[in-house]
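What follows is subunit A paired twice: with subunit B in the first complex and subunit C in the second.
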Partner chain A sequence: MLQYISRRLLQFVPVFFGVTLLLFFITTVLPGDPVRLRTGERAMSPAVYAELREAYGLNDPWYIQYVHYIGKLSKGDLGTSIYTGRPVTEILNDTYPYTMKLAFAAIIIEIIVGVAAGIISALKQYSWADMLVTLSTSIMVALPVFWLGLLLQYFFGIWLKDWTNGAFYLPVSGASSSQFPEWVHLILPAITLASVSTAYAARIMRSQLLEVIGQDYVRTAHAKGLSARKVLWDHSIKNAMIPVVTFIGLDLGAMLSGAILTETVFNWPGVGFTIFRAISGRDYPVVFGGVILVLIVVLVINLLVDISYAFLDPRIRYGGGAGE
Partner chain B sequence: MAEELLRVTDLKMHFHTRDGVVKAVDGVSFTLSRGETLGVVGESGSGKSVTALTMMRLVPMPPGRVEGGEVMFKGRSLLDMTDAEIRSVRGNEIAMIFQDPMTSLNPVYRIGRQLAEPLMLHKGMNKAQAWERAVELLDLVGIPHSKERVRDYPHQFSGGMRQRVMIAMALACDPDILIADEPTTALDVTIQAQILELMQKLQKQMNSAIIMITHDLGVVADIADTVLVMYAGRPVEYGTADEVFYRPLHPYAWGLMDSIPRHDITSKSRLCPIKGQPPSLIDVPAGCAFSPRCPYAKDICHAEEPVFRRIEGEHGAACHFSGEPDFVRGDMICAGVSE
Partner chain C sequence: MTKRLGKTAVATLSLGLVFAMALTGCAPKTDTAGDGGSGDATKGGTLSFYIGEPAYIDPYNTQESEGTQVEQALFDSLTAFDALDAVKIIPAAADSWEPNADASVWTFKLNKDAKFSDGTPVMAKDFVYAWNRIANPATKNTSTGEADPSVISYHIDKVKGFDEVAAGTATEMSGVKAVDDYTLEVTLKESFADFEYVVAHPALAPVPQKAVEEGVDYNGEMLPYGDFPIGNGPFKMSEPWKRGQYVKVVQNENYGGEAANIDGIDFRIFKDPNTAYTEFEAGTLDFCQIGEGKITDAISKYGESENGYTANPGAQSLLGAETAVYYIVANTKNDVMKDANIRKAVSYAINRQAICDVVFEGTREPADNIVPPGVAGYVPGVWAEAKYDVEAAKKALADAGYPDGVGAPELTLTFNNDGGHEKIMQLVQSDLKVIGLTVKFDTADFPTTLKKYDAGNFQFGRLGWIADYPIMDNFLYPLFFSTSGDNKSAYNNPDIDKQLDEARKTVDGDARIAMYQEIDKAIGADLPVIPVMFYKHHHIASDRVHDLTYSAMGMADFQKVWLEAAAK
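Let's look at the complex of A and B:
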C-alpha cells in the first residue's frame, strides 16, 4: 500500500508540470493585456505602463516567466495580483474557505438526498416514488446549473418575497448580509451546486442496489434466516455503496476545485468566482495560484478516493503481492 | 423406519408474468426421513430449484404464488408460518447451499463473519464464540490453516474451497435438512468428487437429511437413496435409487438413462440424447408434457394429462402406460440415431 501511495505521489510531478506549463503557454495566446486592463478605460502614461510590465516580468518570453514563477513557488510565493496588488496567497486564504463551505454543504445534500432517494427508488421499484425519482433526476441532470441557479434565485429571492410581502425569502447573492447569517446564504448555492451530482448519486445508488439485490450472496443471506432488514443493510447496501462512494468522493474533489458557475451566479466569494474574475481581468498571478491550488486538491482527493476503495472492497489491493 | 422430517404434498408454485402464468412447480410430492438423501433430477428449467426455494419461502412473491400444496416439516407447515417463524427455520433447521460458490458468498466480508452470522442469529452465541466455532467448522470441512483462513475474504479462496465454506456455513447450526442446489455443477470433476464425499461424511456424522438437486445422474447414482425425476415442473417418476435406475417406469427416465455415457458401449454406437427441447412452462403441451418428445406417445398422451400412480410400493410414475406388462424400455429412443 505504501508503495502504491508513493508511486501515485510520484505521478503528481509530471501532472503538475504539465498543467502549469500549459497554463503559461495559454497566456501567450490569450488576447488582452493585464496591465492595460488594470486601469480600464482611462489612459495610462507610457512610462508607467512600461514600468508595470517590467515589474511583473511580462516582457520576458513565457518560458522565462515560467522558470521565475516556479522558482518563487518553491519558496511558497505565489506572487501578487496585478489588479489589486495583494499577495495571491492572501487572496486564496480569504476565498478558499468559502469554496470549502459550499462544497461540503453540497456534498452533504448529495449524500443524504441522493443516497436516500436511490435506496427508496430501488426498494420500491416501479412505484410512484420510483417514478418521481427517475423523472426528477432526469430533469436535474438536463438542467444547466446556472439556469437552475437563476430559477432558484427568482423563486426564493423574488417571487416568494413578493408573495409573502417580504416576510419570507432567501438571500440570492453574496455570503453575508445584515439580515441573514452565513448558513442561510449558503442554502441556494449549495442546492444548485448539489443538483446534478445528487441526481447522478441517486441513479447510481438505485441501479447498484437493484443489481446487488439480485445477487446470489443476498439469496444466501436470506437462506441463513437473516431478517429482511439485516439482509438489506448488511448484505446489500454496503456492497451497493462502493461505486457510490467513489462517485461522491470524486465529486467532492470537483466541488472543492471551485464551482465557477454556481459561485458566479450567486456572487459567492469562493475560489471559483475569484478565478473567473481573474481570467476576465487577465490577472495571471491569481489565475495561476488558484489553478495550482485546485490542481493539488483534486490530485490529493483522487488519491484518497482510490485508497478508500481498497478499504471498502477487499478484492482491491494495491501494489501487487497479497491477494489473488 | 427413520423419523420422517419432511412431507411435501402436491406443491404448486406458479409465476404470474406479463406473458402468462409460468407453472414452475406443478404438483410435486415427496417425503424425506432423517439420514436419507433425496436426489431431485431433471433438465434445466424443470422446476427443481424452484421446488426447494418454494419450501424455504425464498421465491419472491409476487410474481410467484403458491397455488396449492403443503410442506410439513416435523409436523409444522412451512407455508403457513409467520415470517419470523420461517426465518428461525432457515439456516437453522433447514440450510441451503447453492450452485455457484463464486457468487454465493458476500465479497466484502471475511469468511469468519459470514460463518459466524447464523451462529449468532440462531444459537445466541456472542461474536468471539461464533468466530471460534467458525474455525472449527472450517476444520470440519477440511480447510487447512483454518485459524488464518477464517480471516480471509472469499476472493482469496478457490471455487472448491468456497463450496467447502458454503457447506460449513450451512452446517453451522446442525440442520436437520441440507438442501444442496447443484452444489458441484460449477466445480471441476475431481473437486466434485471431493465435495460429494465430504457431504456424505458429514451427513453420517450429523445424521441429517440431504435434498440433492442436480441434473447430473452420476451424482444421484452416487449418493441418493430416493430419486425424484421432474419434467416441466411436474414429477414424472419417484422411487428408490435402485428402482429408478434399474427399473425406470417413465419413458423420460428411460431417455435420461440412455443419455448417460457408458464405458460398455462400443465405440461405434453413439450417445442417445432425448430429441427436442423441454417445453415452455407457459404453454405446456396438452396432455402429458413429455408427449411431443416421447417415442412411445399414443393419442391419449396428447389429450389427457397422466396422473402420478404408484406401481410398486412407493415407486411410481406419471405415465398412462407405466406398469403395463408390454410397456417396456426398448431401443426405440435410439432408433435412427445408431449408425
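Let's look at the complex of A and C:
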C-alpha cells in the first residue's frame, strides 16, 4: 500500500507541472490585458499602465513568467492579485475555508440522505418508498440548482417569516449575521449544493445494491445461516458502496473546487466565485493560485478514494505484483 | 414492523425537532434603536446597505462605485456635491476656497475643527501627502508593501508637477503646497475652472501618513491601512473589512461636521444584486437595487419616491436619472463610419424608447444628448439627430448614396457579449434592418472587445460613461478632445479642442456653461457617437428608512437618513 501511495504521490509531479504549464500557455493565447481591465471602459494613463505591467512581470515571455512563478511558489508565494493588489494566499485564506465548510456540509447531506434513500429504495423495491425516492430524485436532477436555491430562499426566508409573523425563518444569504449562528447560514446553500448529487448517489446506491443482493455469494451467505443484518452490511452494502464512494469522492473534489451558482445565489464567500471573477477579469495570479489549490485538493481526494476501495473490498490490493 | 416504524417515527420527530430548534434559534433579535416612527428624525440604529465587492477602500486607488460609496462615509474631501443638486458644491473638509483670475491656482481654507477618527487634526499636509500618494507610481499597497500604482491618478493629472512625479523624476508635485497648517494651495498646469468639482471626489480625501505607513492598531493587532482606513468623515471603521462579506462603520466621534442620525452602516457585500433584493424582501436589508424584472412589482408594493432620489416609507422605490449615458461609438476613421450621413441614419433608426421599455422595464430613458440630465448645462434635445425618426434615417441613408440601403455595405457592430448588451444590440440590429442596413455582430468578452476599441479595430460599438463629477467637461473633454485616451470615436476637430481649452479657462460659471453648451451642440451636429440611453436609478429602501437620498451620482447621503424603531 505504501508503495502504491508513494507511486501515486510521484504521479502528482508531472500532473502539477502539466496543468500549470498549460495554464500559463493558455494565458498567452487569451486576448485581453489584465492591467488595461483595471480601468474598464475608461482609459488608463500610459505611465501607470507601463508601471503595472512591469510590476506584475507581464512584459516577460510566458515561459519566463512561468519560471518566476514556480520560483515564488516554492517559497509559498502565490503572487498578488492584479485587480485588488492583495496577496493571493490571503484571498484563498479568506475564501477557501468557506468553500470547505459548504462542501463538507453538502457531502454529509449527500452521504446520509443519498445513501440511505438508495438503500431503502433497493430493499423496498416497488414500494411507495421506492417510488417516492425515484420520483424525488428525478425532480432533483431536473431542477436547476439556482432555481432550487431561489425556491428555498423564498420559502424559508420570506414565506415562512411572513407566515409565522417573523418568529421562524432561515437566513437567505451570507455566511454570518448578528441574528443567526453561523451553522444556520449553511443550511440552505448546503441543501442546494447537495441536491443533484444526493439524487445521483441515491440512484447509484439503489441500482448497485439491487445488483449485489441478487449475486450468488449473497445467497450463499444467507444459506450459511448468517443473519440478514450481517449479510446486508458486510456482504451487500459494502460491495455496493464502491461506485458510490467513487462518485461521492469525485463529487467532493468538484465541490471543493468551488460552487459558482450556489455561491452566487446565496452570496456565499467561497473560492468558486472568486476564481470565476478572476477568469473574466484576467486576474491571472488569482486564477493560477486558485487552480493550483483546487488541483492539489482533487489529486489528494482521488488518492483517498482509491485507498478506500481496499477497505471496502478486501480483494482489492495495491502495490503488490501480478496475481495478487 | 411496529418496532421499525416506531424508530422511523422517532427519527423523523428528532429531525423535525432539530430543525424546529434551528428555526427557533433563528428568530430575529429586535433592533431597539430609535423611538419609533414619530415623523421626526430619531437618532440611532444601523443602516444595512447593499454594495458589490470593492476592489479598494483606501482612497488612493478607489475607482468603482462600491469603494467610493464606503469612502463617502469614511472621508470628507475638500468639497462635496449636494445630494439633491449635484451641481451645487458645498463645503466639506474645506470651509472656503477661491481660484485666481484664470482658475490656475486654487486656495482652500480647511475646517480647523476637522479630525481624523483617531483624533489627530486634519491639516493641509495630509492632503499633500494623499495627493502625492496617488500621483506617485511607486506608491506601495499597504497589504503587500509592494508598488501598486494608483489607476485613478487622472483626477489630479492637471496639477503642476504631476507629470514629473508620474515619470519618476520627482516624488512630490510642485503644484500642491501646504501654505500653513490649514491652507492648501493647488497650482494647475493650465486653467481649469471646474476644479472645485474635481476635489469633491472621495478619492482625493486626506489620509494620515503615520497610519498609512505604519498600519492601524486594532485591538493590539497592526492592520494594513487598506483593511482599516482611518478617515476624517462622519463614520469610522468598527472592524476590519471582511472581504466578500461586509464593511462595518460606526459614527466617528471626532468628526468635525454635523453628526449623522444613524449609529452606523453595515455595507453588506453581495455578488449578485438579485440576491440582495431577496434579502431586502426578507426584511434583512435596508437598501439595494431592485431585482431584475421586478420594478413594476416593487413600485406597487413599496411606492415610488416623488423626486426619484429620496426614500421614505411608502415612497421607497428610487427611479431618478443618473449622471450616466449609454452610447454607440462610431469609429470616424473607418471608411464607412467616417460618413456623417451613415452615422445620422443609424442614430435616427434606433428606437430608443423600445429599448428602454423592452429591455429595462423603463429604468432607462432615451438619450437626446451625450451629456445627461443632472449635469449643469444639459439641454434637452440639443443633439438633433439623437432621436427616433425612420423617415429621416432613410433620407440620411439616401444622402449617403444608399437609397433604401441598396448597395450599402454590411456593417459590423463590435461589443462585449456579457452584461446583457446583446439584447440591446439585437434591437439596434433589427431597427437598422428596417432602413435597409444589414448588421453583423462581432462579439467577444469584455477584455477582447476593449482591446479592439483601444486599437481602433472596429466599425461601430457600444460604450457607457459614468460621470466622476457632474460637469459637462467630464463628458465632453474625455470623450471628444482629440488626444484623449477615452476618445474611442477618434473624433478630431481642432476647433472643438480649442473651444474646450477655452472653456476650461473661463472662471465665470454661467459663461463657462454657455461655452460648453455650444461645444456640446457642435459635437452633436458631427455625431461621432450616438447617444442611446440615460441611466436611471432602480434602487429601493426599506420601510424603516427615512430621508435617505441617493444622488444622481449614485452616492447615498448618510448624514440625514434616520431609522424608525426597527424590527420591520
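Rule of thumb we're sticking to: the second predicted complex is superposed on the first by the 310 of 324 C-alpha atoms of A that agree within 3 Å, B and C clash if a C-alpha of one lies under 4 Å from a C-alpha of the other, contacts with A are read in each partner's own complex, and residues count from 1 in each chain.
Just so we're on the same page, contacts are C-beta pairs under 8 Å (C-beta built on N, C-alpha and C of every residue); 3 or more make two chains touch, one makes a residue touch a chain.
Keep in mind the model is a prediction, meaning the values are calculated, not measured.
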Between subunit B (first) and subunit C (second), which does A:Gln208 come into contact with in this model arrangement: first, second, both, or neither?
neither
Touch check for A:Pro31: first (subunit B), second (subunit C), both, or neither?
second
Could you figure out whether subunit B or subunit C reaches more residues of subunit A?
C
Per the contact definition in the header, classify A:Pro171: touching subunit B only (first), subunit C only (second), both, or neither.
second
Report for A:Ser227: first if it touches subunit B alone, second if subunit C alone, otherwise both or neither.
first
Is A:Ser280 touching the first partner subunit B, the second partner subunit C, both, or neither of them?
second
Mind working out whether A:Tyr217 is in touch with subunit B, subunit C, both or neither, as first, second, both or neither?
first
Does subunit B (first) or subunit C (second) touch A:His235, or do both, or does neither?
first
Kindly classify A:Ala55 by the partners it touches after superposition: subunit B alone (first), subunit C alone (second), both, or neither?
second
Subunit C contact footprint on subunit A (complex, rising order):
30-34, 36-45, 47-48, 51-52, 55, 80, 83-87, 90-91, 94-95, 150, 153-154, 157-158, 160-161, 166-181, 184, 187, 263-267, 269, 273-274, 280-282
Name, in rising order, each residue of subunit B that touches subunit A in their complex.
56, 58, 83, 87-92, 95-96, 98, 100, 103-108, 110, 117-118, 121-122, 153, 155-156, 166, 169
What part of subunit C is in contact with subunit A in the complex they form?
22-29, 55-56, 61, 63, 137, 141, 143-144, 146-151, 153-154, 157, 166-167, 226, 243-245, 268-272, 275-276, 278-279, 281-284, 418, 444-448, 450-451, 454, 463-465, 478, 484-486, 567
In the complex, subunit A touches subunit B at residues 215-217, 219-228, 235, 238-239, 242, 312-315, 323-324
